[in-house]
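Below, each structure is written out as structure tokens.
Shared chain: chain A. Partners: chain B in the first complex, chain C in the second.
On to the complex of A and B.
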């Protein structure tokens, strides 16, 4: 059996086609032909403006979109498999808001706001949110049932969001710095952020692929896993740490982008199948493509680049979410 | 142990006391001015022109949200329903922001109508979608719909020009700070129409405490009462949103507070629920304006900070009861 079912191979091509269409028909489309002539001529002469637009404006943005999409998609996939529920996603469990709170706290604290510091603050904030949500659900219900997780995640998301607003209202200076970031936009990304982001995301994704086998064993049950030599607690902690790292890396750069983590794993399951490593791989690729396409579409709609790509993702993700909830609870 | 009469009438004492505190307490010590005879006119002017519209609007918005919460919780037979959770508030907010940006000259009297349209659209959509599903599905779908509607509102805000932005932002966070007297009177007019209607409707809703089948035996036209109640809840939520932006958690907490102290019949709960909703909102507004005194925190923010822990405790308690 080949990696890709032939009948379902159209999904990524559809996304790529949409991306190409949106990019190439836009009012500020990159002049590919001019860029290609420049590269063909050796690329060492003084670059024409069209080539500079492509390399300085479009390429960094595309790279960031690819990295963040892959991170969010695979974080959603891991979280859905970890909690054994198709409704889980980092945004809905309050992790994004926790990361945002961490960043805002760093911003108003006397420490310098460096990319590494921002990432650390986001990791700490997301970890606190995750501990809070999972801990309280565990304490309250004695298990990790998904409806409890979603409910408490949304509640603590509201609470953390209110705290962010509180800090920002008291410190007006921070609001000016962070306003665009809070909407979850790729417009504010600078090329110097790409290096650290790739340094975090790519090794974490590789580890996630490696860890997919123990996690799959764990899905068969704790006792079975233990008898097969897999420590359940270790796997749980490891996967939770991976989810935190990926979410925090993405949120620290682009702000909270909701619903990528919810939709992408379902598309990946449809595309590549049910095995965890296939779904994870598909989530990475499709997440990257999806965010790229959403960003290009939004840029096409609003050529002043003010709307965030999360708008396109929400428009697509929310009906999906509603349908999933309805299907899941209709029987009861 | 509190006696039954004290428990049942507590809100009759609590609300006037809160009203008095909110009217008299503030950046200027009005009580001192009132006691000094030569400055009494100034004090009355201060209270009547600055504090009265704000306090009145806060009390009415809180009462409207509390009653909307009671109606929704009774109709959905779901103790977690609340206008801010099931998309009414966000839908109304989206409609009002859209109106503000499309017609910047629109007078505040039209806000409740626009809010009503948006709130009814949001509420009905969710009501349709959640029909036949369990209570939790309503809440989960509401969370999803809310995030979509707030994303859309956020996009409208990004497209707005900067002059309107500041006004809309404070309004959206659920603040009474920028309230004008004209707006407060509009709220009073709408509330004077809708609150008594809600009280009357609550008298007919007792059969909804039973399961659907037994309820229908007692009350043949339950479907009609259901749609009337849903519409009225949307209207009440829209009035509150048009006054003060999105205030969460009042509609959730006020009916629960009332239920702790009163018999659980909707007809008997309506008045205490309104009183507790008003008290909560007044307290939140008062705390928000006096905690970090030069900075005015929106009442909606204070309600979220106070409401989430209470809601979480409530959920934990309920799960305990179910024995899960």
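On to the complex of A and C.
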């Protein structure tokens, strides 16, 4: 059996085609042309503005879109498999709100608000939120049941969100600075963020592929897993840590990009199949391509760059989701 | 007792009326006491103008991010009471302070005028920015200090003549006015306060900044060439809370800038809009042109 069912191989090509179409007809077109002329002429003279726009603005943005898409897609996939809930997404564990609170705390603190500092603050905020969710559920229930984590995570996220709103209402200028971030956007990406992002995301994705086997065993039931020598709690904590790393690193750069973690795993299952490592690999690739395409599409729609890519994601994702539900429903 | 109070009121009001002068302003006409002693100002621009005329207001607002009085206004040991941020002056506090004159502008506080004019005679200018000279004369009338105002403006004209001579010797350099905020970079056009100062001295501006208007906002470094000029006067709004231009300076886009950058103080170039700010800004500009003249880059 080949990796890809031939009838479903068109999916990534469709996304790539959309990206190419949006980019070649979009506001980047004159810059692409100028860059091409510059490279063709030898590229040794001082770079013209158009070439800089391409290498300093679009290229980092595309790289970040690929990394964040892969991170959010696979985080969603891991979480959906771990919770056996096809509607779970990383936002449910209070991570997004925790990251937002970290950023807002940095803004009102006396420390300078630099891109690197903001990234660290958001990662720390998300990590603290997730540790609190796990710690409180453990203390309150004596165990770490998946349902308890999801429910309390959603609840705790609401509380953190309220705190963020409170600070933003008191400090007007903080809202101006993180407005883009709160909506989830790649417009504010800075090249210096790519390094740390890649350093976290790429090794974590590799580890995630390696631990897909114990997680698959755990899916057959806690007792079966235990009898096969897989510690259910260790797998739960390990996978949760992977989800945290992937989501926090991504959210810290772009803000919460909704819908990517939810819809990508379903597309990946359709594309590569149900086995966890296949779905995970598919989620990485499709997540990367989907966010890249979504970002190119919103730039095509509004060259002022004011829209969040979540808009294009949901425009593409909602019909897909409806079609998927209908197919499943009719099949039953 | 109640009747006594009620009857007493018109007598007091009539007394006041006899001693007051009518002043025409943007919201109508107010009758202002001959020499106001308890003056409340609603913005740093009006604060600047009152101080330039030798009047220390009893209360004023402060800009919301800077949170204090602009440094260039030499305020002694007894600062005016604070009315909170410019956007929302504390009206209750104004009532308790019982002022005899309130100065402000329709652009900032027009909707508060009906309320304020019942607390004390209130004089509003129509707008801020490039109209500062007309506003200065209006408030000087309200304060009964027209002579002082004209002397002050004549002092500014003398500075302008010196600056124009330096500019001529430098070959009329195009002067760019740039202010870096947290999320965008602003170019100040001729209808802004800072722009009007350059226009007053007849200085040249770069082409992207010479069209009519107050400010132009840049958010994307691909527009960076709009801020270029022979001399770039750069100020930062709140650098400790982030400044977009610093991020741009770290990118290769900055290599496209050819002009010489001079950092200038935000408080008197941008924040304060008034004669004292104008005096400080023109002094700084004269120093910069002198420096550019003595050591050409």
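Everything below uses one rule, namely that the second predicted complex is superposed on the first by the 240 of 332 C-alpha atoms of A that agree within 3 Å, B and C clash if a C-alpha of one lies under 4 Å from a C-alpha of the other, contacts with A are read in each partner's own complex, and residues count from 1 in each chain.
Basically, a residue touches a chain if its C-beta (ideal position, glycine included) is under 8 Å from a C-beta of that chain, and two chains touch if they have at least 3 such contacts.
This structure is a prediction, so every number in the text was calculated from the model and none was measured.
Chemist: Examine A:107 and indicate which partner it touches, taking first as chain B and second as chain C; both and neither are also allowed.
Modeler: second
Chemist: Determine, under the contact definition given at the top, whether A:170 touches first (chain B), second (chain C), both, or neither.
Modeler: first
Chemist: Just to be sure I read the superposition right, which of the two partners does A:237 touch: chain B = first, chain C = second, or both, or neither?
Modeler: neither
Chemist: Once the structures are superposed on A, label A:56 by its partner contacts, choosing first (chain B), second (chain C), both or neither.
Modeler: Only chain C is touched by A:56; chain B is not.
Chemist: Contact-wise, after the overlay, does A:162 reach chain B, chain C, both or neither (first, second, both, neither)?
Modeler: first
Chemist: Using the superposition described at the top, determine whether chain B or chain C touches more residues of chain A.
Modeler: The partner making contact with more of chain A's residues is B.
Chemist: In the overlay, answer first, second, both or neither for which of chain B and chain C A:322 touches.
Modeler: Only chain B; A:322 stays clear of chain C.
Chemist: Does any part of chain A touch chain B in one structure and chain C in the other, and if so which residues?
Modeler: Touching chain B and chain C on chain A: no residues.
Chemist: If you look only at chain B, which of its residues touch chain A in the complex?
Modeler: Residue list for chain B touching chain A: 129-130, 132-134, 136-137, 139-141, 143-145, 147-148, 151-152, 154-155, 158-159, 173, 248, 292, 295, 297-298, 301, 304-305, 308-309, 311-312, 315-316, 319-320, 324.
Chemist: Any idea which chain C residues touch chain A in the complex?
Modeler: Spelled out, the residues of chain C in touch with chain A are 64-65, 182-183, 220-222, 224-225, 238, 240-242, 247, 250-253, 255-256.
Chemist: Which stretch or stretches of chain A touch chain C in the complex?
Modeler: These residues of chain A touch chain C: 31, 46-47, 49, 52-53, 56-57, 107, 110, 112-115, 172-173, 176-177, 179-180, 190-192, 305.
Chemist: With touch defined as at the start, can you tell me which chain A residues reach chain B in the complex?
Modeler: Result: residues 87, 91-92, 136, 139-143, 145, 147-148, 150-152, 154-156, 158-159, 161-163, 165-166, 169-170, 183, 258-259, 302, 306-308, 310-311, 314-315, 318, 321-322, 325-326, 328-330, 332 of chain A touch chain B.
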